[in-house]
Amino acid sequence: MNDYILETQNLGLRYGAFAALGSVDLKIRKGTIHTVIGPNGAGKTTLFHCLTGERTPSSGSIRFAGKDLTRQPPHKRVATGMSRSFQITSLFQNLSVRENLRLAAQGRDGLAALAFWYSDSQRQQHLQKADEILERVKLTALANTCAGDLSHGQQRVLEVGMSLCGDPELLLLDEPTSGMGIDDIPIMTDLISELGKQHTVMLIEHNMRLVMSISDQITVMHQGNILVEGEPDQVRGDERVKKAYLGESGS
Amino acid sequence: MSLYLFQALNGIGLGMIYFLISVGLTIIFGLLNFVNFAHGAYYLLGSYLAFTIVSLSGNFWLALLLAPIVVAALAWVTEKTLIQRAYHLPHTFHILITLGIALIIQELSISIWGPIGKTVAAPPSLAGVIQLGDFFYPKYRLFVIAFTAVIALALWFLLERTRFGALVRAGSEDAQTVSLLGTHIHKLFALTFALGVGLAGLAGVLAAPIRGVHPFIGPEVLGLAFVVVVIGGMGSFVGALVGGITVGLVQSMMTTLWPQGASLMIYGAMAIVILMKPYGLFGRA
Amino acid sequence: MNTTSKTSIYKGITPAALIAVIVMPMVLPSTTLATEILIFALAALGCNLLLGYTGLLSFGQGIFFGGGAYAASLSMIHLNFGLLSALLCAMIVGALLAALVGALAIRRTGIYFVMLTLAFSQMAYFLAYTLSDWTGGDNGLLDVPRPALEIFGIQLADLTSSQAFYGFVAALFMLIFIFARRVIHSPFGSTLVAIRENEGRASAIGFSTSHFKLLAFVISGAITGIAGALYAMLLNFAPLSNIELMMSENILIMTIIGGTGSLLGSLLGAGTIVMLGDILSSIWPRWMIILGIALIAVVLFMPAGLWGGIESLMKRFRESKTSEPDPKLQQEAKS
C-alpha cells in the first residue's frame, strides 16, 4: 500500500504536433499541500484540466485513491472524493451564499438528487454541511447575501468553500488568489493552510509568497513536463527553476 | 430526361434564392454573433414591397432595385433602435426579440396587404419560355439563376477583396480584433445587419414571380434558411451556397413525389448535422 | 426566485392560484374561455419548468401538446379509453416524446440546442401531416369525445356541460400546480436552478447535468401532453395546428410574458394572452402585433414578466406602508 492519493503516469495531451503536456508523472502524497508552479504556457492548466476531467489526456493514466479515472467525466470524480475550484470565479451568482454551499453539498449525492417528490429542506445534512462550511470559511454573516453581491475576495473564498462541501479527500484549487487584492491574500493563505490539516490539497498558484509559505511539496513545470520537484527550500535554490522563469521574462 | 433537367434547374434556382436568404443570416451570425429569427419576415416584406412597386409603376426592375434597399433601410433602423441593445445578451434573448419583430412585421403586412396571397408578374422581357431543341424552360427562372450567380460573385468579392469584407471576416473569427475599431464598430454592425437583411429582401423580390406572396411564408422561409445555415456551417459563405442548392434540389426533386417527405428529410438532415458535426459541413470549430 | 428552504408548497402562490381558478368562471364572459386559459396555463407551466427553471428554450412544446392531443383522441376513438385512461395515455406519450426530443437536443447547448428542438418540431409537424390516416392531416382529427369522469366503472361526473368540464380541468390544474411546486422545491428542482445559473459549476460539484435536463424535459412533456389532451376534449377536435411551430411559439410567448421563474406567472401569461385574443380578435384581427411588442418589451425591460412586475409593485406598496426603508441599507443591497 502506498501513501500517494493521486498518481499520474506518463500523462500527456497533444493537439496535433503540439504537446501541451509531454509526459508527466505526478505523485501527490496524502495529507500534504502540493503546489504546481511554472512560467506561463508550462502546462499547469492543462495538467489541472486533465485531473478534473475537463480534458481527456491523449496518453497515460490518472489513478486516484487506487482507482483509474483517466476517462471519467468531471461530475463523477466528485463522488470518488475529488473536488475543484475555478480560476475564474464560477458561482451561482443569483443564489444566496448558503444556497451555493447547500447545492455543492447536494452534488455529492449524484443522481440521488434527481428526486423531485420531496422538499430539499428535508435533506438536513446538506443544510448542516452548508452551515458548517460557512463557519469554516467565515462567511456566516453573509449567508443570505446573493453570491453576486459579495466582494471579489469573498467570492474567491466562497469559490474554495464550495469545493469543500462534497467532503473531498483531495482538493484541486486553480489559482485561488487569482484577481485578489493584496490585502485579501493573507485570508486565503490562512484558509488553505487550515484546509491542509484535513484534506490533501493540490493547487496551481502564481503568488510565490503564498506558495513558499504553505506548500509541503512543489512541482515546477516547464514546457509541458516536470522540471524540478521538491520541498520549498530545494526549489527556491534550484538554478534550473531560475532559468526557466528568467527565460520567460527575458523573451 | 428533360423532366429531370427541368426539375434540376428548378432546384438550382430555388437553391440560389435560399442561398441569398441564408448568406444574409450567416453573415449576421458570423460577425454580430446575433441570431435573427426575423429574417423570414424581412423576406416577406421584400416580396410585398415588390408587389406594391410593380403594381404602382408596372416596372419589375424598379422593384428589384428599390425593394431590397427599402428592406435594408428598415433593418438599419431596427438595428439602431432595438437590435443594438441585445448584442450583449444571450442568444435566447436574440431569438425572442426577433421573434417579436417577425410577428409585428407579419401582422403589419397582413393589415396593409390583406390576408390573401398576391401574385407578381415577371417582367415582360422575361415572360414566356426559352426553347433548346425540344426542351422548354421559363426565361424568368433562368434569369434568377444567372442574376443570383452574379450577386453571389459580387458578395464573394465584397467579403474577400474589400476592407469591409476583411473587417467582417476578422470579426467573425475574433471579436477582439474588431473591438479595436472603437466607435466604428457600431457602424460596421449596423451596415452588416442591413446588408444581411437586405439580401433576404432581395430574395423575396426574386421569388415573388415564381412562388407568389403569402402572408404566412415567413416562418417557413426562416426554417429553411436555418437548415441551410446549419448544414453549411454557421458563418460560412461556401456552406450557404452548397447548403442552399442542396436543399433547393431536394425540394424540387421531391415536389412531384412526396413534398412533405422533402421537408422531413431536410429537417432530419439538419438534426443529424447538428448532432454529428455541430459546426456544419463547411464551418470552423 | 431564490429557493428558500422553508417554502411550503401549499402556501403563498398556491392559494392565490386557487382563488384565481374559483373567480375566473364568475368574471369571464364564458366558462369555455376560462377552461382554455387553464389548459394553456398548464402548457405554459410545462414550458416554464424548462425555460424558467432550467434555462432551456425549447421549440418542441408543440410536439408534446399535439402528441398528447392525438394520443388521447386516438385512444378514446379507437380503443374506447375512458377520461382518466386517455389522460394517462396522453401524459405517457407526452413524456416519451419529450424523452426522445430531450435526449437528443441536450447533447448540444445554446443556439444548437434551440435549432435541434426547432428541427424536431418541424419534423413532427410534417409527420403528422403525412400520417393523415391517423391524424386527419390538414383537416384535423374530428369527433373527439369528452367521456364522463369514471373510476372503476363508477360514474362520478358527467362532463358534457362546460361548467362541469371546467370543474374537472380546474381540479386537475390545481393538482398539477401543486405537483410542479413540489418539483421546484425538491433537490431536483434546486439542481435545475443551479444548472440554469451555471452549468459548468453544477457539473463540477457533482451533478450529471444531462440526467437532470432530461428529467426536466420528461416532466415538462408529461404536463404539456395532458394540456393537449384536455384541449382536444374541450374542442371535440384535434387540429393539426396543435403540433405546428406556431403552437410552440405561442406557449413560449405566454410563459415569457407571464413571467419565467414563477409558476403563477404561467397562469397570468396564459390568462392575459388567451383573453386578449378572445376579446380583440373579433374587433381587430391583427391584435398579435401587441404580442410582438409585448414580447420585445418584456425581454428587454421586464425580464421577470408580468408577474415579476406585480411582485415588485406589491413589495413597494408593502414597504411604503410599514416604514420608510433605510436608504443606506438599500444602497448596500444594490451594490
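The letters A, B and C name the chains in turn, as written, and every chain counts its residues from 1.
Convention: contacts are C-beta pairs under 8 Å (C-beta built on N, C-alpha and C of every residue); 3 or more make two chains touch, one makes a residue touch a chain.
Bear in mind the structure is a predicted one, so any value in this text is a computation, not a measurement.
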Clusters that remain linked by touching, chain C excluded: A | B
Chain whose Cα centroid lies at the greatest distance from that of chain B: A
Inter-centroid spacing, chain B versus chain A (mean Cα positions, whole Å): 49
Length of the line joining the C-alpha centres of chain A and chain C, rounded to whole Å: 41
Interchain centroid distance [CA atoms averaged], chain B/chain C, Å: 33
Contact set on chain A toward chain C in their complex: 52, 73-76, 78-79, 83-84, 86, 90-96, 99, 102-104, 106-121, 123, 127, 149, 162-163, 165-166
Sites on chain C touched by chain A in the complex: 1-3, 5-7, 9, 182-183, 185-191, 193-194, 197-198, 200-209, 211-212, 215, 219, 333, 335
Chain B residues touching chain C - in the complex, by the definition given at the top: 35, 82, 85-86, 90-93, 95-97, 99-104, 107-108, 110-111, 115, 219, 223, 226-227, 230, 234, 258, 260-261, 263-264, 267-268, 270-271, 274-275, 278
Chain C residues touching chain B - in the complex, by the definition given at the top: 55, 57, 104, 107-108, 110-112, 114-116, 118-120, 122-123, 126-127, 129-130, 245-246, 249, 252-253, 256, 285-286, 288-289, 291-296, 299-300
